[in-house]
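Listed next: structures, encoded as structure tokens.
One chain, subunit A, links the two complexes that follow: it is found with subunit B in the first and with subunit C in the second.
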Partner chain A sequence: MSQFSVELRGVCKTFPERGERQELAAVQDLNLQIRAGEFFTLLGPSGCGKSTTLRMIAGFETPTAGQIRIQDQAMNAVPAYRRPVNMVFQDYALFPHLTVAQNVEFGLKVKGVPKEQRDPAVKEALELVQLPGHGDRKPEELSGGQQQRVALARALINRPAVLLLDEPLGALDLKLRKAMQFELKQIQSQVGCTFVYVTHDQEEALKMSDRVAVMSQGWLLQVGNPSSIYEKPATRFVADFIGETNFLSARVLKASNGSVLVEAAGREMLAQWLNGHAKVGEDVTLTVRPERISLFTANGGHRKGRLHGVAQDVTYLGTDTLYRVGLESGEGLLVRVQNSSGVPRFSSGDQVELSWDPADAQALVE
Partner chain B sequence: MQASRARPLVSFGGLYFGLAAAFLYLPILLLILFSFNDSRTLVFPLREFTTRWYAELLHSPELLRSLGNSLWVGLLSSLVATLLGTMAAIAIVRFRFRLQGLFMAVSTIPLVIPSVVLGVALLLVFAQFGVPLSLLAVGIGHTILNIPYAMLIVAARLAGFSNHLEEAGMDLGLTYWGTLLRVTLPISAPALLAAFLSSFTTSFDEFAVAFFLVGTEATLPVYLYSQLRFPSRLPLVVALTALVMVTSILIVLGTEWLQRRSLSTRRRSA
Partner chain C sequence: MSTRSEALLARPAAQLEVRQRITVLLTPPGLWLLLFFVIPLGVMALFSFRAASFGAQRQVFTLEHYQRFLADTSAQRLLWRSLLIALETSLICVVLAFPLAYFLSFRAGPSRLMLLTILVIPSWTSFLLRILAWKVLLGSSGIFNSLLLSLGWIEEAAPILLFSRGAVIITLVYIWVPFVALPIFAGLERINRHLLEAAEDLGSRPWQIFLEVILPLSLPGVLAGFLSVFIPTVGEYVTPLLVGGVDGIMYGNLVQDQFARALNWPLGSVMSLVMMLVVLVLTFGLGRGVKVTDLAGV
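And now, the complex of A and B:
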């Protein structure tokens, strides 16, 4: 018995292109282990294969190759209606011809659970999603957020081993989305089942997940907890997709196991290896997060370890100010500075000095 | 000064609408008028008001018989057409298969074949295979005529709701057939009814195909046409057509109402 709730082994999915000979590879050689009870997010831009992966777990799509296991059982030959999973759709997919209560009890009714047991279960499920007393309404009378709660109740009432959520908050406005993110986390800790969550919103993924899998063009790029995804991106794509970051082209001058001396922006600087090693003389990409860079007032002369530049764009963001700084080398860097009374403010055109801790600069091998 | 510009008493649009409405509805108004007129000749001035043509209808067994025939043919052929049309619609909207475009084209072609042509063609086929000219033959003809309409009406409804609803059904434990019965068909119910009613009205007043295929038992339109040879029976025909027309309008309004309702629930659930 493995501790994995869902396991994907070498899963591939290709779709025949309509009218064309070639096939479209949606998911390529995907290996994933999702632990019981965790909030696991599949993250990536649209078309990266995350929804296809979810639909294969649900049983709506059949893998072209590989195996899908749920609770240590091979699922490839098991139809959707016999899998111990339930799905929450982005467009809610509530049955318009049924009331809220009839929607929620649907799964139990199909299973033949008698009415005396269904009714309290429906009540409990609606309370869980904070919609008590809404049972007699029609789905169309509810707001988008309420409909999504009903969809959640309809899935959770079946006590699935795994709950699959396909961009469930995608259709909601920002404020409601944030409230629902919080609530989804709470509901998950209450019911304790595994959540597999699909989103293209990296902020949402970082905020909610125990672990995140980043996908692009059908390939799995990295799996890890939010901080390792953010701080130790495995590829340039991950670094770019998760949060904001800066890229500087650099050349290796001296390499050791832990750190590397590179030439970048016309200066020598230290950085950390991130995803492999390169030899002396080879090109790498240096990446530094905007909030890890410090800005100083330029006071003439070259201080060791600082870069020089000119503040170009200044964007006030409330808690932070975002600067775009043009370097002497011609490259530009984004710098995010938290606003507080002791921090100098710069305006467009000001001469500035920049520095960062070598531990925050990372060398990416392409 | 804008206010001083004289507006024409009747705008062009108003005139256009008035004329169009008169051309369309004046004859029907005349029909109803003459159906209550106590005279065997259909000329002005009108005589006294009477309902005796309607009363005579009830004592005209052949006519009632043809009415019954039309009702039966309409009912059964519409049921079959709705069933087959729904199956075709599900195939077209919910599945991807080889030669789908061809299938779609073949199933909608009857829309543009003149019914006279269809009538003659079916006459030839039935003669070849020894199918006797009968109400059954008419019913088959009407079914063929109505399948494309039924298919398009149901397909529009199916295309109007996400197949996530059907996936949700399967996700909640229903098999394919269970989903069809408990999700797809209930949600499509207004369209199914609309398809049935539209097929029924088409079949009920269809003349061209029926004319070629009826045997000894006439349908109502065919019977009415045969009655035109007897001028004395004309007021009866007028009364009956008035009745048929009112019924047809009611059915059409009902169909329209159902379609609107299904469209509006679709918009709200979108």
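And now, the complex of A and C:
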């Protein structure tokens, strides 16, 4: 048996567009390996194909091409009701005509598990999601967060190999969402099954996941652990979608393995290069995270490796201060400075100098 | 429009304005109900206590007609019979309309509203015409008799098809099926499709999804459809008059006779009130949990 819990091989999904002859490609040539016990997140804006991917794993959609394997078994011909996966829906999809306990035991009941075995399992599942004693209520009597827990218990009672979660916290308010994020992680470590989580919230993805797959317009752009996604974005889209970042247009002057010398903002500078072979003379985009840029007081004379600029907007954010700095080249950069870092506070109109470690700057193809 | 009314609602004076608007909107239907429902009903209740329809006896108030009704076992039997015919008609309607509504809601896809319209179009023709059409169809030279004759299943035209209890039920079922399909369809449309996916995801086979999720969730619509046939059918008198014959007579015919032929309005009133009471009790018994919106089919 392979180490992969879920494997997607060249999976495509196109939907016929209503009233038109052309087809809408929802997922394009997707290859993914999700490891057993992993908290894996599909991240992307709405319409990027993440939900379609999840629904194909669940068996609600059939891939147009490619293969879906779960626990080393081809799943394309297996109907949803026989797949070893369970799903938590965004709108919970609790059965309104059943009590909480009847909802939770549903999966066991349709599989013919006798009542003597169902009852203790329901009790255990409700305890796992911290809703003991709520079995006799109707779903409508519960709050959104509680309904979410019932949906979780209803899925987990079947001991699925993979739990699929489709934006499960999307309908909750911020505070509850944060609490549930923490709790979901805890529940996962207790039950140990693979979680495949769909969200458009990059912060949530970074916080919870072991690995993240970033998708856009049906394409998989990058897979990696949260820090590599954040710090080594493979494309401009990923850099832009995950957190705040700066972009400078640049031109390649010299290329070597793993790094390039570029001209940007009227200067020569080094940057990381991860996209294979760079061509000299090629137009690229340079990206630097705002918190990786250092600010200095300008004191005349040009110091090597520093850019010059004018602080334009100053926003105090509590732990940090966010500056918008206008460069001599006319471009603007966001700079985030920790207030406890000892860097003097600048005000709007101050002359400043900026620099960053070349390891923190990435050159990306357009 | 909505933002404007919301803005209006923000002011107390505007709330008053809204209340006035509601009053204005509700006055015409309220008056209509008062004039053509509440008052006639009151008049009928009054009549049920009068000794006679006309003359001096009109001013005498008595319980005589109630006593007469209680003693009249044939009238009670006919009421019972009519309830049974209504029950059978409604049940057959539900059994026929459910698959229809199910198909429209789950299988017909984007064309379902068009198909729904097609389903309702026949009821745009006159009620009487549709009953008369069945009179022709079921008649001795009608299509059913001709078919059975040509197949050699019967020797001579069977008059039993027409002028029978069965003819009444067939005709009523035909007339009411679309009106039962509508609330059932509306009920099925309201079922969140994620629930079906959730059921499948939890291991339900298609028939289990139907039995465990779709059927229980469709019950309010089914009940609404059932009642929307049952209530008007109990008092039905036109259909039995046209296709029922002696065998297919219903309670409504008896009531009509009291008013139109025997000119015994007080007894007719008693009979009408008793029927209303029975239907009311049955409806409330069955109809707990049915929302008005289910009955309206929206």
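In this text, the second predicted complex is superposed on the first by the 364 of 366 C-alpha atoms of A that agree within 3 Å, B and C clash if a C-alpha of one lies under 4 Å from a C-alpha of the other, contacts with A are read in each partner's own complex, and residues count from 1 in each chain.
Assume contacts are C-beta pairs under 8 Å (C-beta built on N, C-alpha and C of every residue); 3 or more make two chains touch, one makes a residue touch a chain.
Source: prediction; values computed, not measured.
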item: Three-chain arrangement built on subunit A, subunit B and subunit C clash or fit; value: clash
item: Touched partner set for A:A93, first subunit B, second subunit C, both or neither; value: both
item: Subunit B versus subunit C as contact partner of A:V110, first or second or both or neither; value: both
item: Which superposed partner A:G49 touches (first subunit B, second subunit C, both, neither); value: neither
item: First, second, both or neither for A:P139, with subunit B first and subunit C second; value: first
item: Superposition clash, subunit C versus subunit B, among 5-13, 95-103 or 149-157; value: 95-103
item: Contacts on subunit A seen with subunit B and repeated with subunit C across the two complexes; value: 18, 58-60, 79-82, 85-87, 89, 91, 93-97, 106-107, 110-111, 154-155, 158
item: Sites on subunit A touched by subunit B in the complex; value: 18, 58-60, 79-82, 85-87, 89, 91, 93-97, 106-107, 110-111, 139-140, 154-155, 158
item: Complex contacts: residues of subunit C adjacent to subunit A; value: 110, 192, 194-195, 197-205, 208, 212-213, 216-217
item: Partner subunit C, residues of subunit A touching it in the complex; value: 18, 58-60, 79-82, 85-87, 89, 91, 93-97, 106-107, 110-111, 154-155, 158
item: Residues of subunit B touching subunit A in the complex; value: 96, 161-162, 164-165, 167-175, 178, 183, 186-187, 189, 265, 268-269
